[in-house]
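Worksheet: one structure, shown below.
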């Protein structure tokens, strides 16, 4: 368990001796005493710059630089510095240390949902158990087995913008389902089971698109294929492994995934052709846009009255 | 009470003797026996063409043509016809009649909400009575007195697209409020009273923008000023007639009205600067888009499998 | 084999006695002598209107109307007519006949490629046999077995715009490959095998998206899923059935399919991230845009100097 | 009256002892000798950076920092500095001083119109006196009384881009009126009085939208409501305080304000529906775009041949 | 001189015996008695349909059809008809006649400016004579010699939208110059001579782009090259025929032509890089948009209150 | 011949004594010892910063600053420096030197095509000699005489993005021609000679639009007129100097130049109206987009896996 967090460093020359995640690496370069390199390191409270000064030990400096990768966790021994800007860190080859570690608590590095994950998983499984359409229900039970739920409940809903934290996907999906239930009350012509299923699977591809370790990052497959097509694949395979799944229902469920961005220029290869797909898109949009602006407000400097973007206000902060 | 409805005419030469609304007028023109004119007439079940044949009585034909306006109700005596296309009507100067009437049931001509209006009004007033913020509450009670509620509860939410029927505005607002309540449960950082107030007043200008008589039509003021600015005026005047209304709250409520279209190119002169304004825009969008597609589906020809638009499918109808 | 083609009818009252495809159906309606319906019928030379007059035999007329579907072929006995506009057909219940048939030559109804299909298939298989990358080669050989080639070589590349005829997909793909080979000569940094594979599979989903029988029409799956995602599925399944297929290569090939529309607003869920994907998109665009304008020119009225669209010229025809 | 202007400082270690406006504040931070903060200060000739070094007097430094706000004027005693970049200022807690003052000449800080404001006000009132339409005339005389003219003649037409200086609104409006008079000569079908009235009131909301003190800044109301809706309110209230103002004329004048941005995506909630509204929009556009580019040219570095923006030329400067 | 104008025909079976312009031709087709064709004919008061019935004289009918072209003037002998819609004409092979004529007054067919052309030409030459810059002045005098003025003063400024009548170009240019003079008074930093020259030459290519005979039509060169590039060519050639014309001034004048549409997507290959080019674009836009809406208002049906476009009002007509 | 290249400097205090091109100049400014100025200097291997320290010799420093211009080559005597960031240079008034030189090898400063220019010129002339259409052939032979070929073969195809090096235009045109030949094989309806001519002349204006000396820079004419209009002028003049050149062919060739950007918003004043113009646009697009992405890949940091742009991947680099 970490004891030192970035947000707590306040002045130079404090001792640093704890774990931090590597967010970014800059190749080693010369400085007046020899070879150095710079990292961006992070934990769940923020990020800062770290300078490693290797002196004339060029080979060793390169070796240390190569001993870890972005997203790894390293044990840093050094001290704080305040060379230009906020409190940073510095490590000297001789007096300090950088060393990769394999054991750490993800919660120390990644922001996590503030909701109770166990409770959310129970709610989620309970919703599935109440689905009336037997085909939809057996499909969801087939996909969301215990193993998959482990991954699904840790996933983030995005790498930035909204719900960009561990458990964010599950939190977002549950919020969407609760809104969807109310929408169906107001518009009972909608097929509730199809809409709930859409909420559940619409972003299922995110589980593989985004790698969540000490930060949220895209996988190679994620960049090349994208979560919409990855989700389509996961659900189509699941359906095809079931016997006698109705063909039209298969098309409709896959269509919910493919069309949930609502328009081609927002990344949906097909646009909504079902009232439930229209509803899904707008419920997703509603929940994520609200979450996005609430996160912006929470993160903003409380002494400002307006959040500005390119000279124009985008949010009132008072 | 009307007895004959357009949808029920099935063949030519049936007797027509009932009230119909004038939807469109075409100026009188010549035909082989003299002067005639053509109207589009409507009731709540549909619309059809009517030909009035004046023979050589040109002056009288013009006089009859001028005796009523679009949106008026006329008593027609004539017969059905089937000259090209669906069943139409024809009236002969000598044997038939067209005469404006002033008394009629709006419900015979205008499609009306299928919900119970009295129940909706009760729900609406009950929601206002539960608003916690005293300033918002006294503002809403001030605006929504008995007189205003009469107009408000007859108003349509749009002239086409969605909720384009008498009582549609109230139905839409109540649906939005129920969704908003659920959204606040999921995102308790939102100011519920402000959001509910936004739902209630966002389209209040529609009451004056749209004239609802035998059809939904724009008023002169509606075209020139638009419901967003008309709503701003109604609510600003109400606020200014109250004592000691907090200035910042005044700006926020007006801002909810002005920004509820979400973007400038959708007609909002300012864009949402409050989380509640973001939520209001998306709740409005969600409810109206779902209603729109459900109305399209209900209206569509049931024998088609897809609703097509310029050669592309926009809705699956099965 | 058909003997009468639509383009050859020149005047009214010619005898009609041959097979035609049903392109469109309008529900039966009344006329002065009873019940009638109207069809659009087609063969490879064009399309025209057909009126069926059932007289007072309403039930039988409805029965005949229901005895065939769009895309079916019917045997028509009647005569030509010229009631307003070009030569049409009419059939009388008593003297004529409409009857669905099951055996016909697709070539009589569907426009087909003017190229030699057998030669094109040989060229195509020869190209596959020359692919250097062993994984790409075994994948292509696995997909394009004899059975699949039967379907693939009959497919159209689009329902309108370009190569909208039987064999059009194969013709388009071969043209793209020949251009791609030249492009690789000029830009040898490109991975030729990957680019050729991209040309071959980019529209493979069209085989299932479009139903080609007596016309090109979208399947239900085609509308809901779209050819890009359907192609992704076909190729991913094929890859997963092979042993030890390199993972990165799998992502690249699927990426070629997904990104080949070049931009999100043109329907690609991901945008090109490989030089070969950029090349594929532009080669596809080049070949289809040229084919499109050449087809427009071929089809245009030769007596006009300019093809006009909404009052503006879009093509010089001289 | 100020004697020292920012543009005149040329080297380090000059004595600074005069008034400057606070343009921006950065929260106090640590430096090697204790606590410091940085301001951006300005006068009408430009702006520069000021560093305040508080040494170990942290509390006092925070107190000084809190003793003034952005847009305030402060009396600075310190010296010039040239630490990186152009001439800046520095103040030492011990030897120097920062102190808010309440009396100052706005002209020392805000750029002001180069035109003669008294002459412009006379011209403006003379134009109103010549309006022929009695209703428009009494409305304008009612709004533009002596008190309002004081504010109106100090207002800026924008916070940036064009006429962004005190008196800029009046200068812009007079220029528009002179152009409008010529436009009416060339197109006598236009209603001159309505067009002149439109020029006069189109940006009247700017008087309240923008706060002009030592800089041009948006008010809270300005951000939430915007000058178009604020102008609508000012003029509607004025009209409603007059007796028997013609209703149609009221709609037209308000419409001129609402539609003067010309398109929804440029912030007009309704688009021009009158020839005079079309004219107003284009006259406004013409005058402001010319002023904008002339201001850019005046401000540009005279040694450059082209003004560049993201690598592309936007203005020839020779 | 024509005596019969289309607008004056009021009923069927009036004798037609006068000249009309051919606006459109439809290829001959069959009718029950043989071969017929249909024309759209026009004069300055409007246009109507003409049916020519050739009976069984197929060859002669084709010969007559081929004896004239669109934009030709023909002498028609026939009578009026009212087969569906407004008053049309019909000509019988035996009793009537269609014959091309070569002599006619352009004014009978083409709408012409209502201004005095001789006076406009004098004003125009007087403006040129007052240009101060000697190079600009000798260029304009070189281009606008007597011959060119004949063409220039007959030219239209557009084929539709605004100033689409003979003399329209000159009328538009003079209006622009008068506005430009006022703009320079308000913004004396502008180079007046360059701006006036820009007004004069900006649309000079229209003289060759549009053929004005009995209607305004594009020439082949006009479609392929466009008036902007054609104007560039005319003025560049003129400059190159003068000795010692300053090179920078040459670039500026050509730039005024090329950039006067203001943006690439409005057809300018380069965007304005001079304050005068910015001014020219907006003056052109201002004058043409006002003229456009005034022409729409003049042409509109006076009994309507609003001009509608796709269901939305675009102009108030009262 | 240069011996020292920017890419080879590795540490501070190396001796600099060689030629470099001036890429950018910043006006002289004060520093603690007097007057200095900063340049960006370049050669074909890259660019770096140079600081010139003039001490108290202000006048001489200004004189040296004014003795050369951007794009000039200067002889620098000084040493390397590493004040913040990569290796830069510094020159001292007393110990060093900056001196403009007039003789240098363009190849030392400008990146040049890697292809054999002599071979490319031969191929190019051979292609012209094989053109079948005699008018097109004599036009091309007229334009591409020995003198013009000297300029044409040194020209770049763009200032950035693709083929932005000496000889790039010729390399791009040859690549387009080879692709065009293949396209004509696949679509023999195209007019090969017209298409080849289009490839050859489409960017001919670049020869004068871009000045290629030690860098690629726009000329004054290039900014004001643009290469499309400049090319139109070159080719129109050439055609008009030939006798009896067919008028329609003239329009078509000029149209190929004007329309080759494909759309108005991409800078074409007219859009493609010929199949060959459609083909030309897409061949140009294909070749330049591939070249662009291959150049990006070549230039990218090889240790990155993805090329990122504003946080999104645009190219896979592995």
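Order of writing sets the labels: A, B, C, D, E and F. Residues in every chain begin at 1.
One rule holds in what follows: a residue touches a chain if its C-beta (ideal position, glycine included) is under 8 Å from a C-beta of that chain, and two chains touch if they have at least 3 such contacts.
It should be emphasised that the depicted structure is a prediction, and the values quoted were computed from it without experimental measurement.
The minimal number of chain-to-chain contact steps leading from subunit C to subunit F is 1.
Looking at the partners of subunit A and subunit F together, the chains they share are C, D.
With respect to subunit E, maximal separation of chain centres occurs for A (centres as means of Cα atoms). Residue numbering shows that subunit D and subunit E use the same positions for more than half of their mutual interface. By residue number, over half of the touching pairs seen at B-D are also found at A-C, the match among C-F, A-F or A-C.
Note: Cα superposition of subunit A onto subunit C, rotation of 180 degrees, nearest 5. Each chain gets one centre point, the mean of its Cα atoms, and the points for subunit C and subunit E are 44 Å apart.
Those residues of subunit A in touch with two or more other chains are numbered 220, 223-224, 248, 273, 306, 313, 316. Of all possible chain pairs, those that touch are A-B, A-C, A-D, A-F, B-C, B-D, B-E, C-E, C-F, D-E, D-F, E-F. Residues 220-221, 223-226, 228-229, 232-233, 236, 248, 251-252, 254-255, 258, 263-270, 273 of subunit B are the ones that touch subunit D when the two sit in their complex. Looking at the complex, you find that subunit B touches subunit E at residues 27, 30-32, 160, 218, 220, 223-224.
Residues of subunit A touching subunit B in their complex: 175, 178-179, 181-183, 185-187, 189-190, 248, 273-275, 278-279, 282-283, 285-287, 289-291, 293-294, 297, 306, 313-316, 318. Remark: subunit D residues 10-11, 82, 303, 305-306, 311, 313, 316 touch subunit F in the complex.
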